[in-house]
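Sharing a structure, written as structure tokens. Questions coming.
For reference, chains read A, B, C and D in written order, and residue numbers begin at 1 within each chain.
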Amino acid sequence: MPDLQSVLDEIATDLKTASERGAVASYIPELAKVDPGQFGIAVLTPDGVVHSAGDANVAFSIQSISKVFTLTLALGQVGDILWNRVGREPSGNPFNSIVQLEYEHGIPRNPLINAGALVVTDVILAGYKPREAIGLILSFMRSLAGDDSIIIDVDVARSEEETGFRNRALANYMKAYDNIRHPVEMTTGVYFHQCAIAMSCRQLAVAGSFLAGQGRHPLTGNKVVSAERARRINAVMLTCGHYDGSGEFAFRVGIPGKSGVGGGILAIVPGKASIAVWSPGLNKVGNSLLGSRALERLAKAMDWSIFGP
Amino acid sequence: MPDLQSVLDEIATDLKTASERGAVASYIPELAKVDPGQFGIAVLTPDGVVHSAGDANVAFSIQSISKVFTLTLALGQVGDILWNRVGREPSGNPFNSIVQLEYEHGIPRNPLINAGALVVTDVILAGYKPREAIGLILSFMRSLAGDDSIIIDVDVARSEEETGFRNRALANYMKAYDNIRHPVEMTTGVYFHQCAIAMSCRQLAVAGSFLAGQGRHPLTGNKVVSAERARRINAVMLTCGHYDGSGEFAFRVGIPGKSGVGGGILAIVPGKASIAVWSPGLNKVGNSLLGSRALERLAKAMDWSIFGP
Amino acid sequence: MPDLQSVLDEIATDLKTASERGAVASYIPELAKVDPGQFGIAVLTPDGVVHSAGDANVAFSIQSISKVFTLTLALGQVGDILWNRVGREPSGNPFNSIVQLEYEHGIPRNPLINAGALVVTDVILAGYKPREAIGLILSFMRSLAGDDSIIIDVDVARSEEETGFRNRALANYMKAYDNIRHPVEMTTGVYFHQCAIAMSCRQLAVAGSFLAGQGRHPLTGNKVVSAERARRINAVMLTCGHYDGSGEFAFRVGIPGKSGVGGGILAIVPGKASIAVWSPGLNKVGNSLLGSRALERLAKAMDWSIFGP
Amino acid sequence: MPDLQSVLDEIATDLKTASERGAVASYIPELAKVDPGQFGIAVLTPDGVVHSAGDANVAFSIQSISKVFTLTLALGQVGDILWNRVGREPSGNPFNSIVQLEYEHGIPRNPLINAGALVVTDVILAGYKPREAIGLILSFMRSLAGDDSIIIDVDVARSEEETGFRNRALANYMKAYDNIRHPVEMTTGVYFHQCAIAMSCRQLAVAGSFLAGQGRHPLTGNKVVSAERARRINAVMLTCGHYDGSGEFAFRVGIPGKSGVGGGILAIVPGKASIAVWSPGLNKVGNSLLGSRALERLAKAMDWSIFGP
């Protein structure tokens, strides 16, 4: 087994200067301003050590990676009845998911696409004011990352509010089927804020580590979720975590992961590692181009795959 | 860790008499004749021992499970250029796949849905006559199962030929995009025969065991595929092996598997087990109802999941 | 040629008591309260006489029939550049139109489906406050009907605002493509009010009569639109006026028409008649069941069809 | 009213040399060989006179225009029960119709798209051998055109047989729903031959004239169909005759018409004219570019529209 730190250093050195870097997401104006030349990676191993390389301490917009954490939070609040309002099948659709919402009567395919994540946020909102729900999600992230300095990037949140018409369309469409229970502006408002949480690779690798540890956080020792639930969240990440590139990611990288349009990816090697990687440029299906490549190299070098012994 | 044989016995005893058994596939008349009261299961462990329970020696029509083996064969013949003609994303579509073929210009989503498997068979046909290609596939199955008595059920093959208009539609549609290279009747003819191969759970568990053993067959010691390819086939099985129930299977059972409308499922626990289960009744998305339940129970009892350590 | 009044009387007598009446629209609660036992019909002939029968003076919610008039108004304001933002092809979709919006990047198929009518209303809004735009539309209807007593049913408007999430989804979705230019609540607000205009068959037949008269209003003599534009609006009504029942209406009745979920239909026999019919119960594709039947009988009796000499 | 012959001469002179001519259909190799520089037009008026201009006597492949005549023939054979197997709604789909076949369980939207026309041909086949059915259709065309020299272009028919995989896909798909009753090769074989009938504008204008004459042929005086059926066929042509350009044709030209990928269009002005126009280059939705323009000019010049008096 090669030395993890050496592997990370090599990858970061190579990718920091790669010429092909993908395109930074342009539909959220604030995200379009991010310097595409950045690359960071961090890995938390079961011994509690974080190895990192490149821009691993630079905060970026976690965007859809937040969906894994709100899913965890909502399952904690309401349990498996959550699945009455959202499925767990890959969307498998190059077109975005409003088509499927129509065919499937307002029930989104899974909690890791926008429509499904809006339902999850709507579940979290029950009994709270939007500001409280945002606070709850932020506290959860801070607690998992063990870092109270994590904040919401208000410029990104505002930018999303100004341009998030497609998400409002999804939410209104589901509300027509009564699968959004709060006023659309409340649910989308909370959602835009959760997406705008800014974290570094280091913070994110720590925050996600309970998924690699059978539900137990390796640093605090806290049981975040049951071992069974951790496995199931990993399963949903594997089949649905990279939109219509989920099959490709499973094929090439071979571990569960969730990407965000900010260029971050959280990836989990059960029992072995919690990984966060970040590079802002995206590939054609909207996942970090260099992030995906870094994970493929890392998994190969470390012989990390859930599909082999 | 509980005793595997006891677990299998318990499951078989319970499920043999379960009242809710699903519906036997009716669109292939020959399959509709099968007695729904049957249930068998067999597990091959790395030590080369096969444990089994119930009707584990009764041959059934493997149907779509054959797709895993023809994929293996085609990759062996042409390598990764196969992926130019077929994708590896879940179809994610409750409607069947001809819709997606139209949107995606004749390239099927993955090799484990009918359209994709037809392309794979078309690849295998290159340089052979149909009869030879059928022979090649059958020999491959016999060799993997270590049993030359395995045959094609000609009544099932004929039944499929008489009713397989939807598969002919798929093949013709792809031929319009030049993604079927042989006459449609030749490709579908071979395909109908591969689906009609009859095997028992015991034979199937042995045949699939190379996928649990990093590509090496535990009984013969032969390297069937590279370790990387075995992992990748497992990845495709996990994301695509149960049609539009793949996410659910990953969520509940947590291991790669491939189902067939004959009621069989092949499931792989990397490094630990090759499992075949069979019960003819199907659930709503076309996978064996009791087979899925059996695998869920077995995986839970043995703590087999690729999503936890 | 039979006597028009006698034909209308016969039809009204028969249909007033028909047992099969369709189902009153239930998704707008206010509309669900309407008594399904009503039936009215009115016909304006070129001599300026209105013949009527049944509940021809009872005001009902014109709903989507308003789309013909806002289309006329918007074409008057901006001319044919309107067609840059909305197509003129039948939607031909049993599923509703948000699917097509996704495939066609925010350009609705035609101005007589909800998505298209929202764009038309958005065009009318340019330069006005919502209240003014609503006033403009109402004034236009009053002027065409020659009746200043026509009002908006505020209970229906409020009911639509409370339940119109699908329309908000459409508007937000198009706004993501910049094909809605005003805040969604403004455009949908005006739209909900135009749909809630209450008119009788008599008023509606008078209001639509310019379409039968080459663009000239037979009572006032005013040129509302050019002869060419009147023909083109009739063409759009024929191909798109009855949602996914447009082909059937053309086949059976053979004249241009536009239906609304309030149970009204405006139908035009160029050069011969402007017809309004109303009965609240709808058929499976959302058009007035008895209204369609009445028009089929009337057209047959009077030998009115645009498809024969 | 301008002089018809002068109008035709002007149009033919202008369009014969137009630089923008569209693209000749390339998917049927034999059609791709046709010289795009050709343009012909012919008009039969109720007095039985044919006016023509340009290449009005050059035979071309009528292709989908044949669908109007096989529809007429099939309705004559089985009457309105035909509509149990095919709808009469516009397909409204920029994607081709196999998608809709899946959603609507093997019932094509209308008889003027390929899927629907295959069903119509399958109806005609009942009780006949393929050769006889082809003979029947050809005889019907010859009789309507009053010209026994009309033949099937066997090179085109062969070319279609060699490349018609998409049509075979449609037919197989419908056969899976039992909506094709003969062997697929028989039904598609007859269909490929009907499409390959070669006629000139002059012959086609005469053949279609019964649709302008309330079902009666103006030259022979024969009643081909009832007046009601003629109207209904015209209605289907108007809503469905130009694929996904039907709304546009109704809007711009304002009369029923049916186009073919050979570049021909048959258009009907009830009571006034039967028109055939031909120019091989197609527009984006597959209809003759110059043919459509010629009809728009002709209809405007002669004030022919079914949407105005």
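Descriptive notes on the structure:
One rule holds in what follows: a contact is a pair of C-beta atoms (placed from the backbone, for glycine too) under 8 Å apart; a residue touches a chain by one contact, two chains touch by 3 or more.
Protein identities per chain, from UniProt: A, B, C, D = Glutaminase.
None of these values were measured; they are calculated from a predicted model.
Taking the CA centroid of chain C as reference, the farthest chain centroid is that of B. Averaged C-alpha coordinates give centres for chain A and chain D that are 55 Å from one another.
Spacing of chain A relative to chain C, judged by their CA centroids, is 47 angstrom.
Centroids of chain A and chain B (each the mean of its C-alpha atoms) stand 32 Å apart.
For chain A, the set of residues touching two or more other chains reads 95, 103.
Under the contact rule stated at the top, the pairs of chains that touch are A-B, A-C, B-D, C-D.
Contact residues of chain A toward chain C in the complex are 95-96, 98-99, 101-103, 165-166, 168-173, 175-176, 184. Those residues of chain A lying in contact with chain B across their complex are 87-95, 100, 103-104, 109-110, 214, 227, 230-232, 234-236, 238-240, 244-248, 250-251, 254, 256, 270-272, 305-309.
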